[in-house]
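Below are two complexes that have subunit A in common, paired first with subunit B and then with subunit C.
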Partner chain A sequence: MTRLDGKRCLVTGGSRGLGRAIGVAFARRGAQVAFTYSTDDADAEDAKRAVAEAGSEPLVFKGSVADAAHARATADAVAKAWGGIDVLVCNAAVTQILPISLLDEADWDLVMDVNVKGTYLFVRAALRHMIRQKRGAILTIGNFASERVIEAPVHYAASKSALRGLTEALAREVGRHGVRVNLLAPGLLERGLSQTLPQHRVDEFTDQSALHRLGGLDEIAELAAWLVSDDASFVSGSKLVADGGL
Partner chain B sequence: MDVKEAIADALRSGFDDYQEFINPLVAQRAKLAGEPIHVVRVEDGVLVDKSGHRFEDFHGTQAFGHRNPHVAAAVRAFLDSDAPSWYPSRVNPFAGRLARKLCERTGHYDNVFFGLSGSDAVEAALKLARAATQKPGLVGLSGAYHGCTYGSVSLMAEGYLRDPFAPFVAGARTIPFGDVDALRAELARGDVAAVVVEPIQGEGGVRELPPTFVEALCDLTARHGALLIADEVQTGLGRTGRGFCSTADWPRRPDAILLAKHLGGGLAPISALLTKRETFLRAYGREFASGESHNVTLGCNALTSVAGLAALQILTDEVIARVRTEGAYLKRRLGEAVASSALVREVRGSGFMLGVALEPPDHPWLSFEHFGYPELRAHSAAAPLLCHRLYKRGFFCFTCGHDWTIFRLQPRFDIPHEKLDAFAGIVREELDYIEGLS
Partner chain C sequence: MVQGRLLHETTTLCRVCKNALPARVVATEAGEVWMQKACPTHGEQEVRLSTSADWYERTRALIPRAAPPPHSKKPVQHGCPFDCGPCPSHAQRVRMPVVTITSACDLDCPMCYVHNKNDGAYFMSQAEFRGVLDHLLESSGGDVDLINLTGGEPTLHPELPALVAMCKAAGIHRVSVCSHGLGLLRNDALLDRLAELGTRIALSFDTFDGATDKKLNGTKSVAQKLEVLRRFDRVGLDTTLIPVVTRGYNDHEIGRILALGLQLACVRHIEVHTMTYTGQGGVHFDRSGRISMIEVLERIAETTAGLLAPDDFVPSPCAHPLCYQIAYLLVDPAGGKPIPFTRFLDRDTLYACLGDHLYLEPGPRLERAMQDAIDRLWADGKDERTLRLLDALLRQLFPRKPLSPAEALRISERAVKAIYVHSHMDEETFDVERAYQCCDSNVYPDGVTVPVCNYNVLYREKEARFMLEPRAWGSRSGGRRSLPLLGGGRA
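== the complex of A and B ==
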């Protein structure tokens, strides 16, 4: 099993879904885990308990990832508590299932704020510490919506495409400081977006994919753990699409 | 886990549980449409979601506002007493009191059957008609919605609410809405037990029966010995502002009327069939056993009856008068606000049962086909689109189930006057927005 012993990890959007699965997977591998969440205190409590049971008493921060002060304060608090940050996973994201005709400017701004600006703000906040310590791993969470020609909300797909550009350019910029930056793009998973789609849409996806099934949160969390681990020490600027072979 | 924890737990995880264990399609539709789903509390009769957004509910079942304090207090007081809720003899004193009060309020009926849903009342009415007349025919109108039990669905308008369940109850048939000649021909067959109508069709598009049809209906059913059954589940209990029930001024009072929706004050599921004692005895009075030929086990229970009694206490004549005047005001304000909108054909209805007839948006990207649901291409996206926009503005509005060009409004009876004004303006803004997309 990939080990993350002693890695100081910060996961945004860690109270549920994939973020929570990543927090648990990291803790199980010996990492120290901190996570952020935006609204649901009860979900955060649950996630905190799950991460603790997996081996790491987590630090938990509430706030919007699109809030620069929250990003800065969170990164600084983690660094202060643990002496640095080794891993940042930018997982927090929102989506709305909207055709372009109904996509308001406010909808566009919300998705871009959380998915893109939020990633930028946390990346910048964490990098201050990573560059000083001359090592680190950043993982952005993309989506197959930006990698395949599928029906997807255009603002969401655009935001995830933006993360690909951010990831590649950032990898080039900060590689000289020993910081790796990669993007993990999951396909349709058992939890999350698939639960919003009508069954025939989900069936279309599974029919067309090589593995004929949805992905599991734990399967994606495994990949995340590998990408931020020292086992992937020569991997940077990469995108890993895990969509069951679409 | 104590009760408070269980409530908190349900409000946290129950939404997902609904999708997983009850109906994934309803949950998905609500998400896709942008409906406010995670409502977690009530403030002053309106819904509040977990982010603090408030929503006026225009569905109509909550005519007294969500968690009306008077109804809640009555239910709480009953639960704090030591009175039984269910009586093995079925002779339930609370149901008896509620039946008396209901009959007194109608000023006409003197016999009541209680069920738990509108469909229960419809089913009871169909069986009452057959048992009383010894005839098989059950006649409904096109565009009808009477509920989802087999008798009800047999009179349903064609479409997704009816078609999967064929074959239907033998003898059930439909005539065109408002067609006097068809009614006359149908009754002339001599086998009709009942003609079932909604005074204003709800799901059929907030369509009111034409006065000439009502006159013929009252006359012809009496002449042919068929029961006239008015499904007042939507229109009754003050909703139209025309009185306690909306059929009181018909040339002949219907042989039976059906009530439900806010009869339980929004807290308890209860419905009622009101008829005349003579009709009841004609159907079931031959022997003791036949007195229980049709029953609903929990139909007479104290808890729902107490809620019903409390609901009747707050449904005063003054409240109904307010529904009439404020409903007329909303209709006028809406009419003025949308008068020049190319998307609006008509504002119709009565009291707080209004509908706005919409033209389909004139652009292919405002169609279900473009939205990725080609299977819905036969439906207009007009009303669903307006509802989608209004969720964002704090109004939980609805589309008529049989006619997706009609946007349906059934506000609570005590909605503040200024909110009606604001609503009319907001509807216009959102119509302009949609028109601007065309």
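== the complex of A and C ==
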């Protein structure tokens, strides 16, 4: 099993779904885990318990990732508590199932604010500590919606495409500081987006994918753990699509 | 006999002996449709089928989507309609399974179209019901979206909640229970339990007028029915309103009944039935009240102040086109006039969307149709209100935190209400062309299924469960062995 012993990890959007699974997977591998969430206190409590049971008493922060002050305060608090930040996973994201004809400016702004600006803000906040340390790993969470020609809300697909550009350019820029930056793009998973889609859309995905099934949260969390671990020390600026072979 | 142009020939029943007879269906000079037949014993007979030959011809020209049952239960022996089970000629699989769970009823409605038996009443056991569900699921490949429990009065069945729970456990999401509702006024525990189980009550509601209620149902229960509905609304018990329409009795009230259904949050659908002259009450009821499908649609148009026109209704592709007429309406939560789907979807598209199930279900066809409609409304920019309502519905259906399928169904059925008009047949109007395309069937624990009109006219009277003196099997003749081909047309 990939080990993350002693690594100080911050996961955004860690109270449910993939973010929660990543927190648990990291804790199980010996990491210290901090996570953020935006609204649901009960979910956050539940995730906190799960991460603790996996081996790390987590630091938990409530706020919007699109809030610059929250991003700065969170990164500083983690660094202060643990003496630095080794891993940042930018997982927090929102989506809406809307056709372009109903997608108004506020919808566009919301998705771009959370998915793109939120990533930028947390990257910038955590990077200061990583550059100081001369090491770090940043993982952005993309989506197969930006990698394949599929039916997806255009603002969501656009936001995930933006993360690909952000990841590649950032990897080039901060590699000289020992910071690796990668993007992990999952397909449709058992939890999250698949639960909001009509069943026939989910069936269409499983029918067309090589593995004929949805992805498991743990399967993606495994990949995330590997990408931020020292086992992937020569991997940067890369994109890993895990969509069951679509 | 009236003179007229031959529209088609078919097989019907004698109104007296119920033997099968050849029939001619003709359009008269006055533009009406009549069925004509002659029984060797009981003489010539004729009955009006429709007041509009134009509507009848146009509607009958549609071909239902072929979806035969996966296997037949009985060979063709006596001919249609005497070999039900189904026989190999039957052209539609069961979309609306109807399970008669009891013969007991505490009312004696003059219009009742079934036979009940209270002495030594029959109550279906859970083991029998399990047999019904197992056969249904097996014959549909697990795709059973609705089931209807009827009687008698099903709320008198002591194990009703357990039967509903069995349906839910089998994955059936629309479990309806036909009821006059009066028992639920006296039994809060049952009311709460049925609500908790997500049952929907198919509530008979025929009139707002006490005198009419007395004529139709032998009771004056309007105030109680309204109180039942208030309670349903309070506990969140979903409801289908079922008015049975009879000319000269309550056809002038239909708009008011629809308005009530559209206004109450608990009402998910309204299913209007035309009066049928079968069963312990119906067979003796005043036959001048016979009303045809197009007349019901016209009454709806007249009594809803233009909310709905006959062309807002389409047939079901799962049944003979003369049996069902269906309209869907987008409800405005702000209290504006509901908007029929045909104002933003063309009739052919709505008809196609109804192709897989009796009720609209989420699916690629419906999703694409709604997406196309939204895009068109947006591009045209002429109907902001409809676009706004669809926008709000979509946002409710896809919030950030996923909804359960039951939550999504409830939201969509509160925002979109359906009006179904269902025309049943009796021995006078019986037409095997309609019978062999029927998708509503009484279902039995051994897997036998019998289309509901055939059941009401011919089969129920032979069952000891429902009759003190059941008729003998195989006592009638003249069934049709080769079934007619249908024409082709557009919705």
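Keep this in mind: the second predicted complex is superposed on the first by the 246 of 246 C-alpha atoms of A that agree within 3 Å, B and C clash if a C-alpha of one lies under 4 Å from a C-alpha of the other, contacts with A are read in each partner's own complex, and residues count from 1 in each chain.
Simple rule for what comes next: contacts are C-beta pairs under 8 Å (C-beta built on N, C-alpha and C of every residue); 3 or more make two chains touch, one makes a residue touch a chain.
Since the structure is predicted, the reported quantities are computational estimates derived from the model, not experimental observations.
Student: Kindly say whether there is room for both subunit B and subunit C on subunit A in the superposition, answering fit or clash.
Tutor: clash
Student: A:42 in the overlay: touching subunit B, subunit C, both, or neither? Say first, second, both or neither.
Tutor: Touch partner of A:42: subunit B, not subunit C.
Student: Determine, under the contact definition given at the top, whether A:176 touches first (subunit B), second (subunit C), both, or neither.
Tutor: A:176 sits against neither subunit B nor subunit C.
Student: Output check: A:101 vs subunit B and subunit C. Expected answer is one of first, second, both, neither. What do you get?
Tutor: The answer is both, since A:101 touches subunit B and subunit C.
Student: Have a look at where A:196 lands relative to subunit B and subunit C in the superposition and call it first, second, both or neither.
Tutor: both
Student: Both subunit B and subunit C touch subunit A; at which residues?
Tutor: Shared contact residues on subunit A (touching subunit B in one complex, subunit C in the other): 40, 96-99, 101-102, 195-196, 198-199, 201.
Student: Given the complex with subunit A, which residues does subunit B contribute to the contact?
Tutor: Checking each residue of subunit B against subunit A gives 8, 12, 19, 24-25, 27-28, 31-32, 34, 50-51, 363, 365-366, 370-373, 385, 388, 437.
Student: Which part of subunit C faces subunit A closely enough to touch in the complex?
Tutor: 362-364, 367, 371, 374-375, 377-379, 387, 390-391, 394-395, 397-403, 405
Student: Show me the residue ranges of subunit A that touch subunit C in the complex, using the header's touch definition.
Tutor: Where subunit A meets subunit C, its residues are 40, 94, 96-99, 101-102, 195-196, 198-201, 204.
Student: Can you name the residues of subunit A that touch subunit B in the complex?
Tutor: 39-40, 42-43, 96-102, 151, 195-199, 201
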